[in-house]
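For reference, the structure I am asking about is given below.
The chains carry the letters A, B, C and D, assigned in the order they are written, with residues numbered from 1 in each.
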Amino acid sequence: MSGAGPRSTPISIDEVELAAGFGPVALRSPILAASGCFAYGQQFDAFMDLRQLGGLSTKGISPLPRHGNPLPRIYETASGMLNSIGLENVGCAAFLAEKLPFLAELGVSVWVNFFGTDFETYVECARTLSEGSRRAHGDGGIDVLEMNISCPNIKKGGIEFGTVPEVAHRLTKACVEVSEIPIVVKLTPNVSDVVAMADAVKQAGAAGVSLINTITGMAVDVRARRSRIATTYGGLSGPAIKPVALRMVHQVAQALPGFPICGMGGIISGEDALEFLMAGAHCVQLGTINFSEPGAALRVTDELRGLMAELGIRKIADAVSTLEPYPVEPPHAESRPATEPEPKPKPEPKPEPR
Amino acid sequence: MSGAGPRSTPISIDEVELAAGFGPVALRSPILAASGCFAYGQQFDAFMDLRQLGGLSTKGISPLPRHGNPLPRIYETASGMLNSIGLENVGCAAFLAEKLPFLAELGVSVWVNFFGTDFETYVECARTLSEGSRRAHGDGGIDVLEMNISCPNIKKGGIEFGTVPEVAHRLTKACVEVSEIPIVVKLTPNVSDVVAMADAVKQAGAAGVSLINTITGMAVDVRARRSRIATTYGGLSGPAIKPVALRMVHQVAQALPGFPICGMGGIISGEDALEFLMAGAHCVQLGTINFSEPGAALRVTDELRGLMAELGIRKIADAVSTLEPYPVEPPHAESRPATEPEPKPKPEPKPEPR
Amino acid sequence: MDGGFRIAYDSRVATAQFQVEVAVKRPLTGGYFVLELASDGANPVADAAPGQFVMLRGDWGRDLLNGRAFSVLEPIDSRRFSVLFKVFGRGTALMRDMTPGDPMTVTGPLGHGFPQPRPAGPTQILVAGGVGLPPLHLQARLAAAAATSASVEMFYGGRGAEDLVLTEDLERWGVPTVLATEDGSRGEQGRVTAPVRARLERAAAAGEAVELLACGPTPMLRAVRELGLAHEVPTYLCLEEMMACGFGVCLGCAVPVYGPKPYKYCCTDGPVFEAREVRW
Amino acid sequence: MDGGFRIAYDSRVATAQFQVEVAVKRPLTGGYFVLELASDGANPVADAAPGQFVMLRGDWGRDLLNGRAFSVLEPIDSRRFSVLFKVFGRGTALMRDMTPGDPMTVTGPLGHGFPQPRPAGPTQILVAGGVGLPPLHLQARLAAAAATSASVEMFYGGRGAEDLVLTEDLERWGVPTVLATEDGSRGEQGRVTAPVRARLERAAAAGEAVELLACGPTPMLRAVRELGLAHEVPTYLCLEEMMACGFGVCLGCAVPVYGPKPYKYCCTDGPVFEAREVRW
């Protein structure tokens, strides 16, 4: 294949700094846990030192508690899984009273994923969470309100919030206005033009975007002649969707340089995380992998640190949005030109099998 | 889990009929080979008896020959692969002269995938292929013109053909008008609303839709700091995308009952194929699997036949669009009602581990 | 190189994730296997109660994402435990192909098990079918070890004789056992619920206090539930739902219940539920 | 149950897909392995020429989708052949873990190999690096067998001594061999292209007709290409591109060339290309 990549000089593990910046939000590491895959954090206390996380995003919170969908709610597919949990959650009040105090103590970046069932309840939820957090914890409570406008389970209007730029713009603006806490909008991949969506929420004052939520999918039980999911469709997550997530992160990073992006979708290794950073994410979240490997976030953090040392990348900022183009092939001609361009000194070979 | 599926009585393999109908097109089996994954058919002659196929779709043809994209063009991802071949093809004239005669001889349904670089060349391509085939082969040449409006590689207008319903409508109508051969439109999954697209081309006179083309994706080589694909993005195919494909087939089948759908995306087994049929596809195509297993189409055909026998499904039409809803859970209450509804006779258990 | 994933965490609390190796894979009749797993250090599965389970995962790459749930068959000692399985889908097929020394990752023990046999308590009628045997086999083992075996009786059903495994253990422990096969090749002919019904009627006639503890295929559990409700005896069902995590975070394993909320969770609230509670 | 996929087709033509079993897996130094594969019946790889390759796939499930390309190391007899590999990514890691009896699917032999050694033809200078050894090893084997070994000379390079494998074969066949290692632990110190350059200069001075045949890492092939062009000797490079199919249908393995079309295909037009043709 044509040429090899840029040369890199390994550095020592201790020289690697994982501190990351996500717009106004400082993170001690770019590795966070994703919404819906980490509950409200407590369960993971048994498996790892939560303080080593960059942060975590809670299960999506709505103004009132919600019960979930009928079963079955999940099904495994090739390198991925479908879920239709139904945004079950304890509601704003119980979250603030019972869950936030534990999270506020941790000292990691607390992202609270939230949603409403219509325009008003979205705004109400943002206001309640922002006010409740400031009242009880000052600056030390919720760091980011991650607004989920990508939920396929909300009947009325839900789809439009996530797929029509103007609607998303209005909603974001209204929530930003009532919240003292930065609002990051979590976008759905189920759109023709993710850049238009990101641009719309950016113009509305969003502090950044989270990319991507699950892709709507389905599986069929041919013996029972039914969908594998009671609500027919579910959201696809896991390694299967990583290429789609990376593409969307890259599209938005190219179109809106500097606008903070939190990347996610199928990350299970430090190398995966670095792919997202290089494509343009400022930090990443781990979702599905937490189910099979509750300590995954720390393993991935270690792997990322090791890989950065190997590749001589000192700081996270030195990785973000740093992809290079391929060298241009010599122009095509019927036969090799007599005066072939001087062979340029070739870059160091990267590890290749041959 | 709640209840089991419908009871089925196995039948003998010989009772299974694979003949399928796709609107005006009769197929000896619902298993076809997908465009871009079967070249023009000849290479597979070495691996299988092509006459046992339901049909095949050729590599996409444009009015003039096209060379492909720079390399690398492909990369393997979790349960899938990315490609950016660049719609390399021999062009209409060479196709009609050199490739079609071989295909016309086979006696299987010949689908010719085609595209243009703008409105005019699309229409020109449809006309040339239709006229050329009728002139040389009468009714025995091309059976379906599969119009690819989902190509991410066409610079100008290409995206709009595939993502804006009105544009797709106009283009389809123009091509239908110049073609004596049924036109099936191959839709892209990279849209917010696939039903709107399907409806638009149906109204324009399309004989059916092919669902889905690849999902735009990306992978990063962190050592070389480049995309794994020279053109940055590629199309994701393979088992990873099957849930998305099934969902779109089901959405279109529900919204436009009876409208012929050719389903594809990650099919590698007879069970996969039956999932698509039950979700609403009238026939299916196999893509990526042909690369690693050139005889896959016949294995899948055998597996489908065996599974139909096991499940007592005599004809393809008895499988198409036959999913059933889940039984409704008893209503929720604080405690079990004294007069619990009489336990209904439960259906036969399907094979379950416990 | 693109990652498969493996981990090695120390167990920090009773429920943890830890590494084991396949120590023994013992084929039984009917396609069943006993898989004995061993860890380097002491592991918390040693204290597992009947009905508790583990999530198991081999070094299987990215396609099979989640662990698979298996009831603990025997907590052998501080380092070893075993499970019973039968090939069902892709994960269990990979387990069949494993050989001693192969690494696996375990999360557990998880969930809440059956009520313990109480020395002077009601007679516990254990109803087992298929791969639902392990919790009841372990319940019988503990009852026998506590020399209170008189208080448990096993009713164990299968399609044919080859589906009834590990019955020699029950014999050795002196646990009264009724076997039933649908084809009549061993024990009574028919479903196991028939002798259970007879036993309940006998108890009712004698005014004997009994409890039902069941684990097996869903249709069997539905039948046991109805028997228990009809005879108004305490009835505990060990349920099985699709699980991604096993420790209460994915919310995938919902069980419809009566109560303040419409759903409980199989992994953390169960897998053992009271029959009256289950909204079936 | 969700399908893994396996197939069993009879070979109908010279290029076909067929099943084999791992017969022997022989570890060499430097992490290299020789994998010997055996089919039940005769298979077409028996006739493979140096540079021809096979697509190999184990029973690996849905994650690893496509076959992996490997040059034929030795077409042993009508049923057996071998390949040489080193662990690079996930597929080759799975190959390292395979044991005798494990099934694999083979497509091949594929592609076009090197020009044959001709009894009175030019001296063929074979340049090999890393896993690029097999085609040249086979070329040397055939030359030796045809008793024309005088017309081939091997130049073989690696990082260290452990990267130079199967050199005992070359010795046994009496093939003149120059070894080079970057760390100087065996043969000349430095890249293998240095002695090749010297050899070309010697040939030029003596008016000796020579050809270059090379297979190895891309940077080595680029250097050999430039040497060949500079010395105006016929130069054949065995290239390696990402391949999904190996038989000309995916169009993934494009090689930029000079000629009527801008691309040829590594799998069907190559993998051996003339240096002048390659648009690098």
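Remarks
Criterion: a residue touches a chain if its C-beta (ideal position, glycine included) is under 8 Å from a C-beta of that chain, and two chains touch if they have at least 3 such contacts.
Per UniProt, the chains are A, B = Dihydroorotate dehydrogenase; C, D = Dihydroorotate dehydrogenase B, electron transfer subunit.
Just so we're clear, the structure is a prediction, and the values are computed from it rather than from any experiment.
Between chain B (Dihydroorotate dehydrogenase) and chain D, the least number of touch steps comes to 1.
Distance from chain D peaks, on a Cα-centroid basis, for C. The mean-CA centres of chain A (Dihydroorotate dehydrogenase) and chain D are about 43 angstrom from one another, to the nearest whole unit.
Averaged C-alpha coordinates put the centre of chain A (Dihydroorotate dehydrogenase) at 31 Å from the centre of chain B (Dihydroorotate dehydrogenase).
Between chain A (Dihydroorotate dehydrogenase) and chain C the centroid-to-centroid distance comes to 37 Å (mean Cα coordinates, whole Å). The set of chain D residues that touch two or more partner chains comprises 1-2, 62-64, 88, 241-242, 256, 262.
Annotation for chain B (Dihydroorotate dehydrogenase): residues 1-2, 4, 70-72, 78-80, 238-239, 271, 329 touch two or more other chains.
If you sketch which chains touch which, every chain touches every other chain without exception. Per the touch definition, chain C reaches chain B (Dihydroorotate dehydrogenase) in the complex via residues 62-63, 86, 88, 92, 129-132, 215-219, 222, 226, 229, 240-242, 256, 258-260, 262, 276-277, 279-280.
The touching residues of chain A (Dihydroorotate dehydrogenase), when paired with chain C in their complex, are 36-39, 43-44, 46-48, 59, 67-76, 78-81, 83, 85, 88, 238-239, 268-272, 288-296, 299, 303. The residues of chain D lying in touch with chain B (Dihydroorotate dehydrogenase) in their complex are 1-3, 5, 7, 9, 12-13, 15-17, 55, 57, 62-67, 105, 107, 241-245, 247-256, 261-263.
Considering their complex, residues 1-2, 4, 78-79, 329-330, 332-336, 340, 343, 346, 349, 352-354 of chain B (Dihydroorotate dehydrogenase) touch chain C.
Across the complex, chain B (Dihydroorotate dehydrogenase) meets chain A (Dihydroorotate dehydrogenase) through its residues 1-2, 4-6, 8, 70-72, 77-80, 82, 163, 190-193, 215-227, 230, 232-234, 236, 238-244, 246-247, 250, 266, 271, 274-275, 278-279, 307, 311, 322-326, 329, 350-351.
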